[in-house]
Amino acid sequence: MDFWFSYVALASIYVLLGLSTNLLVGIAGIFSVSQAAVFGVGAYIVAFFLMNDILSFLPALAIAAAGCIALNVLVTLPALRVSGDYFVVTSFGIQLLATAIFTNWTAGTGGANGLPGIPPADLFGKALEDTSSMVMLCVGGMILGGLVFWLVMRAPFGRLLRAIREDELAVAATGKSVLRAKVSAAALAGAFAGTAGGLYATFLSFIDPSSFDLDSSILLLTMVVVGGARTLAGSVLGPFLLLALPQILTLIDIPTTIAAAMRQLIYGVLLIAFMLFRPQGLAGERL
Amino acid sequence: MLALQLACNGIVTGCALGVVAISFSFIYATTKLFHVAHAGVYTLGGYLAWAMLRQGLPTPIAFLVSIACCTVLGALIQWQLYARLERRRATHLVVLIASLGALAVIQNIIAAVFTANILLFDLPWGSRVIHLGGDVRLTMTQLLTVAASLLAYAALMLFSHGTILGKQIRAVASNPFLAEITRLRPRRTHIYVMAIASALVCLPGILTPLDLGLQPYNGITPLLTATIAMIAGGVGSITGAFVLAVVITELQNLSLLVIPGEWSIGVTFFIFVIFMLFRPTGLFAAAR
Amino acid sequence: MSAYLQAEGVEVRFGGLRALRDCSFTVQQGRITCLVGPNGAGKTTIFNVITGFLRPQAGHVAFKGQSLDGWKPQAIVAAGIARTFQNLRLFVDLTAVDNVLASLPHQAGEEPLSAVFRPLHVMTHQRRRRAEAMAILEHVGLAKRAGDFVRNLSYGEQKLLIIARVLATGAELLLLDEPASGLSASALDNVMALLRRLQAEGKTLLVVEHNTRVVQQIADDVLFLHQGHLMAQGSPETIINDPALSEIYFGGAL
């Protein structure tokens, strides 16, 4: 039972990350390998506020989301103004820099050993100490995130993003700012990632840099690619499928020393295979 | 004097990085593809050389076979992956993701076969130390790195400006549409470009780990620095990429005097941000 | 007296190529002005300069007495100038009405905050905008095809849609790049009637056109462009009947 709780909670958190990555990569068309870094920033911010007893869960989460919004805007705004490929460099740079900070800024992030003992989330004064209520919180977060995504995509903003994906020049000719739309999409993606980070920190009560590195960003991309770009269904399917993968792999006898490499290898193969043969993923639209 | 030693080390590493930069630039200028998997080819070169040296093969053979394998791998990625995607009119984003997938596959196959631990080379002649003036000491490997890198730079420049194929490649780079309707065959050109660039990048892929050791995931940081050098030097300028690679590495090394080593990525990134804000076309941008 | 739209001494160079050299012309308000000239004369380049997509190396463009130098494309559209593209550039995976909606300015819900926090407001606003978009489609004669995807529209219908899209911006000066090219005779008459209707409603049109019959039928003024420079300006009859100009244009008499 515990395993299923854990799976559902983590999958819900990763759905939020999937929505975030989908907004950035699937919808705004911005190649990003720094999603895990933003996820990490959200997690560390919430951990900081809760562990030092400064704020309760919801305000901490709000600040984490705000911080991640700011981070995404700060990063995409200058890079997008110049050229798409510049953002690739920026994204790799951000991810590597974040991992360096998470690993070496021991005072703030606990360094490579991470932060153990993060207090559980609390809602309106009541601490959620048992697993089932935490799971419900995560699932609730996922549902809320899905609702926000749905609202945004059916609004004129969603149509604007779809038009931008088709023809940026034509959109610019109608007098609308392509840059502002892309940066807004990135900001929203930041909000999702920051929230996911906060839920992650309180659910696991321990975080360390290995959950927020380049390999994790690759996993997030794989989720969106496999699940499908630009749709709510794809953002849900990808995480649930890919988080089941490690469990499936334990059925095959793989020595633990190479288990991590095998997982990453499979993600790489999935990325290539889907881009070659099914760019729309299982339940999405063509990337 | 520490600063002088750091400066010399910087030139050594910078030259090696210069080859990464010029090979990446060669690909990017011609195919317009951000070939992230280049970091994987770089890493593979080192591991293949290590494996062969371990088996007792003579050094020159190990080098040559590694270069050959990298060449084949690069050409294969272009032929079977990028060309296919191009035929389907895939967007830039799709190709980037596929390239990232290829990188993940290469790195993790290496990690599965050789483990993720750092592997060291065992070349006695390589670690012989030469004393230069002013307390500066360089190993044979380091000297070899500088020599080989400068040779590689010269070779690429000669090829690009002096040979027919090189000129054809530059023509394709400057006007792919026109190249398509004349007889320049851009698709075949792209395979040559990837093959040559992959052969080139194998050199620093072997030489740098001779000093610092091998690790499966160590390819992305040099690639990142190399691309920043390419952008800062001006896309399309081979000299610009090489020079800036040396300059950036120098700055990184000298910064070690004041900042701990774990933060060097920050220095590189800071340089990139400066260029992006103030001179995004680079210093030696090719005249359009 | 400053003209409605005025270009003075505009120079545009691409590398060694001079796309526009010392290009000067005026466009009068409320009239249909046709821009003609052989291929490569710089007609589309002029559009790009006026709409802010291209910065000239020299020269000025002024609209209603105000200089447009250095203005961003968004600002120029807001000031009342909008253009179409020769190769359509419609949003193929969107419906006709969505193409028009995507071009309407100042919509609630075009950024995430209002979309998330004021969904009902966005919904009511959208209903009004949809009615506006339908009216525009009605105006160009595409009301029946509103819900169809662009890839299912005929070429003639797509040409009407790009006019609908540029009307949606609310601009008073419309720059139309070959609105009638590639059309059958009946579709052509349709478009010409539409252009005259737009003029009657107060719009000013600057139209790039190759078809001399179209030019004769709708133009009030004609600007003849050659090698990036304005060679002649006048009524359709004078321009079309000028043997020297038709020599340049056709390599022979009309």
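Read from first to last, the chains carry the letters A, B and C; within each, the first residue is number 1.
Everything below uses one rule, namely that a residue touches a chain if its C-beta (ideal position, glycine included) is under 8 Å from a C-beta of that chain, and two chains touch if they have at least 3 such contacts.
Here the structure is a predicted model, which means the values were calculated and not measured.
Student: Could you tell me which chain's Cα centre is nearest to the average position of every protein Cα atom shown?
Tutor: Of all chains shown, the one whose C-alpha centroid lies nearest the global centroid is A.
Student: Can you name the chain that lies farthest from chain C, using the mean of each chain's Cα atoms as its centre?
Tutor: Using the mean of the C-alpha atoms as each chain's centre, the farthest one from chain C is B.
Student: With chain centres defined as C-alpha means, what is the inter-centre distance between chain A and chain C in Å?
Tutor: So the centre of chain A lies 43 Å away from the centre of chain C.
Student: Please report how many Å separate the Cα centroid of chain B from that of chain C, as a whole number.
Tutor: Between these chains, centre-to-centre, one finds 48 Å.
Student: Express in whole angstrom the distance between the two chain centres, defined as the mean CA positions of chain A and chain B.
Tutor: 31
Student: Under the definition above, what is the set of chain A residues touching chain B in their complex?
Tutor: Going through chain A, the ones touching chain B are 25, 29, 31, 33, 78-79, 82-86, 88-90, 92-93, 96-97, 100, 103-104, 214, 218, 221, 225, 257-258, 260-262, 264-265, 267-272, 275-276, 279, 287.
Student: For chain A, which residues count as touching chain C in their complex?
Tutor: Answer in residue numbers: 148, 151-152, 155-160, 162-163, 166-167, 169-177, 180-181, 184-185, 187-188.
Student: Where on chain C does chain A make contact in their complex?
Tutor: Result: residues 51, 53, 73-74, 76-78, 82-83, 85, 89-94, 98, 101-103, 105, 107-112, 114-116, 119, 122, 126, 129, 165, 168-169 of chain C touch chain A.
Student: For chain B, which residues count as touching chain A in their complex?
Tutor: 28, 34, 36, 81, 84-85, 90-98, 100-105, 107-109, 111-112, 115-116, 216-217, 220-221, 224, 227-228, 231, 260, 262-263, 265-266, 268-269, 272-273, 276-277, 280
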